[in-house]
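Structures are listed in the sections that come next.
Each of the next two complexes has chain A plus one more chain, namely chain B in the first and chain C in the second.
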Partner chain A sequence: MTLLLDIATSAAILFIVATGLLTIFGVLKIINFAHGAWLTVGAYCAVAVGQAGLNPWLALPVAFIAGSVLGLLTERFIVRPLYSRPLDAILATWGLGIVIGQLITLGFGRDVQFTANLIPGTMDILGTSYSAYRIFALVAAVVLGLGFSLLMEGTRLGLSARAVIMNETLARGLGLDTAKIRTVTFMIGTGLAGLAGVLLTPLTSVDPTMGVAWLVGSFMLVMVAGQSFGALALACLLLGGAQVIVSTYISPILGGVTVAVLAAVILRISPKGFARA
Partner chain B sequence: MKTASKFLATVAGTMIAGAALAQDGEPIKIGVPVGLSGANSVVAPSVVQAAELAVEEINAGGGVLGRPLELVVADDGSGAVGAQKAFDSLVFRDEVDVLISMETSAARNAGLPIVSRGKVPYIYTSFYEGKSCNPFLYVNAWVPEQQVPPIVDYLSSEGATKFFLIGSDYAFGRGMLEFAGAYIAETGGEVVGEEYLPMDGTDWTAIISQLKSSGADALITSTAGGAPNVTLTKQLRGAGVDLPYANLAVDEGTAASMGAEAEGILISASYVTGIDSEENTSFLAAMKDKFGEELRTPNDLSVPQYEAVYLYKEAVEAAGSTDARGVLDALGEVSFTGPRGTISMSDQHHAPLTMYLGQVQADGSVSVVEAFENVDPGEQCPNL
Partner chain C sequence: MDEMTELRTAKLALEGVSSGYGNVEIIKDLTLDIRPGEVFALMGKNGMGKTTLLKTIMGLLPLRQGRILLDADPAGKLGPKDMVRARVAYAPQDQPLFQDLTIRDNLRLALPSDKALAEGLEHVYGHFPFLKERLGQRAGTLSGGEQKMLIIARALMTRPSLLLIDEISEGLQPTVIDRIASALKDERESRGTTILIIEQNLSFVLGIADRWAVLKLGVIDDAGQVGPDTQAQIIEHLSI
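On to the complex of A and B.
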């Protein structure tokens, strides 16, 4: 039972962390290597909210807004000229990530920050006592996933975004303002990354380099998942599950590299990953 | 005309005096390679502060052999690669007279070959896994033989028999737990699990689940200080682990800022702020006076750094110069009475120390459960 919960919640956390990256990759076809920095920004929003003495839950909207606004500026001034040069965009966003990390260091110092735990303690799941926060993370991941499918399938913005994904030239020909769609998508992606940063704070220490460890994992997952949220959920469940199983039965040290190794193997066998649809 | 020559004479006089002073007062350079970024970044600022106070006090008292001390701090990134750069630039570019620093074991091991090549005395001020032997290296902090027995003995006396060990996968983490495992077996206890995560690992889920299903009745952890320590403690508390929990790598300051999550953690240290001695009281007052709002809580890593600067001063004065050979001989003989008591690195380049077993309280302070006088470091470097 504990193993199943471990797998489900680990996958959920990976999913939460990777959605922001997938949103941007799916629509804009560029890898936002500043993703780790946005996670960090989100986590520091939680720190700032805590220092201001506000309710820790308030950090969620604050981080989403901070992430989106920074995303707006980044898209406008850094990413927009680079849409046709995805490799340069990787370089630019990686550099941006370093700059953001340094700015955070200047503002808050290099050391570890502490935040209030959103949900402390444990709860009983079918007789197993389990971390209440990890269960919450599972729920949050499902809500995020469902919310996003609804956004993509049920709204005008989602329709336009899908049009851009399928054929951008045609979409523009039909009178869609593709530049605006790109901006909004980028903002949502970075906002989600900020949100994920807050959700990570109860699980990890908050320091200026915290995002980097998560960036690599989410990058691998997004490469495997391609452009679909369903595929991302599947990838998180399979790869995250493999990580937990290897950690439990073989060695946590090998568990740490499981996601990367499996992702490489999957991409070797099936270059498009799980994105068949 | 008269005033002009008077002026010239004054200028010339000042220049001569200035030159004489510079010759007498050419600073003795102390290199401090320390992890200002990376895993040690939480504690490194307190170490630098302690060194700054020692240097300021010594310079105010006339320096060493009439020469002032000067600190050269370099960030080693808490790891091997950064340490190579930091040691290299301190030893060969800045040409420091001595290295005094608290570092990760990875950084120390990477720096030692450079120390040997540059033939510079090196006082290591961090507790570590032990048995690092080099003619140029002296250590004034504890090793497992001094730190682990108080913890295991205390847990056993509280009824614990099954121990679970969790660490970061590096020299200190493995070394400490290896020693703890052997000591537990020796004293009749049982190790029911021993697991490691890489230093940059963030997900302790699988290990915590194993801990919970192992039936252990006590937990001993030895992670890298800072981020991994905080991450593990958060996830342990999140998973509802409430076993007796001894942490071999948490310092008082980190414990204090972790707040409620750290409550009940057992620590074993050669320094806690609550030591009741004149030296400690005046040290704490001087730190507060110098740094005020900026003060980082002095701790088991920063106090040895403070004392090491004084031990170096004593050694240089005993040797009569900063010449490496003389200083190295003297370092094993001199002693200094500081906040932790009288320290002498007389035992195979290591120091006998008084160890304190403490428990973190809800308000983050550490209360001393028991003190163990002059614990011997054991056979560290029989060939030195």
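On to the complex of A and C.
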């Protein structure tokens, strides 16, 4: 039972972390390599809220807003001129990630920081005592997935975003403000990265480079998922599950590279990954 | 009417228009006026710049030189969003539908918000009743003819004052062509919609058009009123 819960919650955490990256990749067709940095910004929002003696839950909206506002500036001044040069956009966002990491180091130092657990303790799941926070992470991932489905399927913004994903030229021809849709999508993506950073803090230590490892895993998952959130959920479940099994039964070190290795194998066999589009 | 008066009273006037892609100039110093409520047929062999011209009018391609006037107002620097606001609709030839979206969502996307959706849908049901029963169907699962009718329906959702249509009849059976021709005639007669249509099917387009022009290498090669000899005249231009 513990193994099943570990698989489910690990998949949930991977999904939370990768959602922002997939959001941006789906609409803008660029990989935001500053994703790890936005994640770190979110985590440090939790640190800052904790240091200020505020309610730790407040870190969630603070991180989302901080991520969104920084995303707005990044899209406007760095990413927008590079939409037609996706490789340059990767380099630019990678460089931005390094700069953000250094700025965080300047502000908070290199030391590892810890934050309060949002939901401490354990809970009983079918006779198994399990981390309450990891269960919360599982619920958060489901809520995030459903919320995103609702946003994409049930709102005008979602419809417009899907139209841009499918055929941007046609969307422009129908009068859709594709530049605005791109900006809002980028803001949502970076806001979600900030949110993910806060949600990670009870599970991991916080330091200026914490986002790099998560970026690599998210990147591989997004490559496997293509542009589909359903495929991302499946990729997180399968690859995250494999990571837990390898970590538990073989070696935690090998478990750490399982997602990347399996993603590479899947993409070698099926270049489109799990996505049908 | 002198040339300046024609430009001032035209629904759409192009004056010395040039545009293209990269270093290649496709449309070269083109001048044309289309009167309010008129159906204007633009023809030409493949690669002569017909689609490029529509994209330039719609603001999808930048205007390099010249002026575009819409109801006598400068429109050469307007983007597609502004053109749609000015009640210009575009029915493109290439990848014209969101295949994975439903008919309803394809139609919704023609409108800036859902406020006028019910009204827009009622309007297009009048022309294409089959849409009403199949709103939830994915556009990609429609037959070729149904897809073409959906393209026209989407363009009519905003009840445009100017409609730009790019080769709508390609590969269609005569009954579908008749249905589309009937819808376009009705729009023009009931609402005074001006239509600029690119077409290869002469019997279809000359059945609805008032005037015509043949585009050759980005310039107007010949033009005139539609009359009994028009088809033969145009065939001469289009023959290889």
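For this structure, a couple of remarks:
Definition applied: the second predicted complex is superposed on the first by the 276 of 277 C-alpha atoms of A that agree within 3 Å, B and C clash if a C-alpha of one lies under 4 Å from a C-alpha of the other, contacts with A are read in each partner's own complex, and residues count from 1 in each chain.
The rule we apply is simple: contacts are C-beta pairs under 8 Å (C-beta built on N, C-alpha and C of every residue); 3 or more make two chains touch, one makes a residue touch a chain.
From a predicted model like this one, the values you see are computed outputs, not experimental measurements.
Touch criterion met: A:133 reaches chain B, while chain C stays clear of it.
Of the two partner chains placed around the shared chain by superposition, chain C is the only one that A:174 touches, whereas chain B remains out of contact.
Contacts of A:9 after superposition: chain B is touched, whereas chain C is not reached. In the overlay built on the shared chain, the residue A:156 is in contact with chain C alone; chain B does not reach it. Using the contact criterion defined above for the overlaid structures, shared-chain residue A:53 touches neither chain B nor chain C, since it reaches no partner. Once the two structures are overlaid, the count of chain A residues touched is higher for B than for its counterpart among chain B and chain C. Contacts of A:166 after superposition: chain C is touched, whereas chain B is not reached. Taken together, the two complexes place no residue of chain A in contact with both chain B and chain C.
Residues 2-3, 6, 9-10, 13, 110-112, 114, 117, 120-122, 129-134, 202-205, 207, 209-210, 213-214, 243-244, 247-248, 252-253, 255-256 of chain A are the ones touching chain B in the complex. Those residues of chain B whose C-beta lies close enough to touch chain A in the complex are 36-38, 41-42, 45, 169, 195-198, 200-207, 209-210, 212-213, 226-231, 234-235, 237-240, 254, 257-259, 261.
Those residues of chain A that touch chain C in the complex are listed here as 156, 159-160, 162-163, 166-167, 169-177, 277.
The touching residues of chain C, when paired with chain A in their complex, are 58, 60, 79-81, 83-85, 90, 92, 95-101, 105, 108-110, 112-114, 154.
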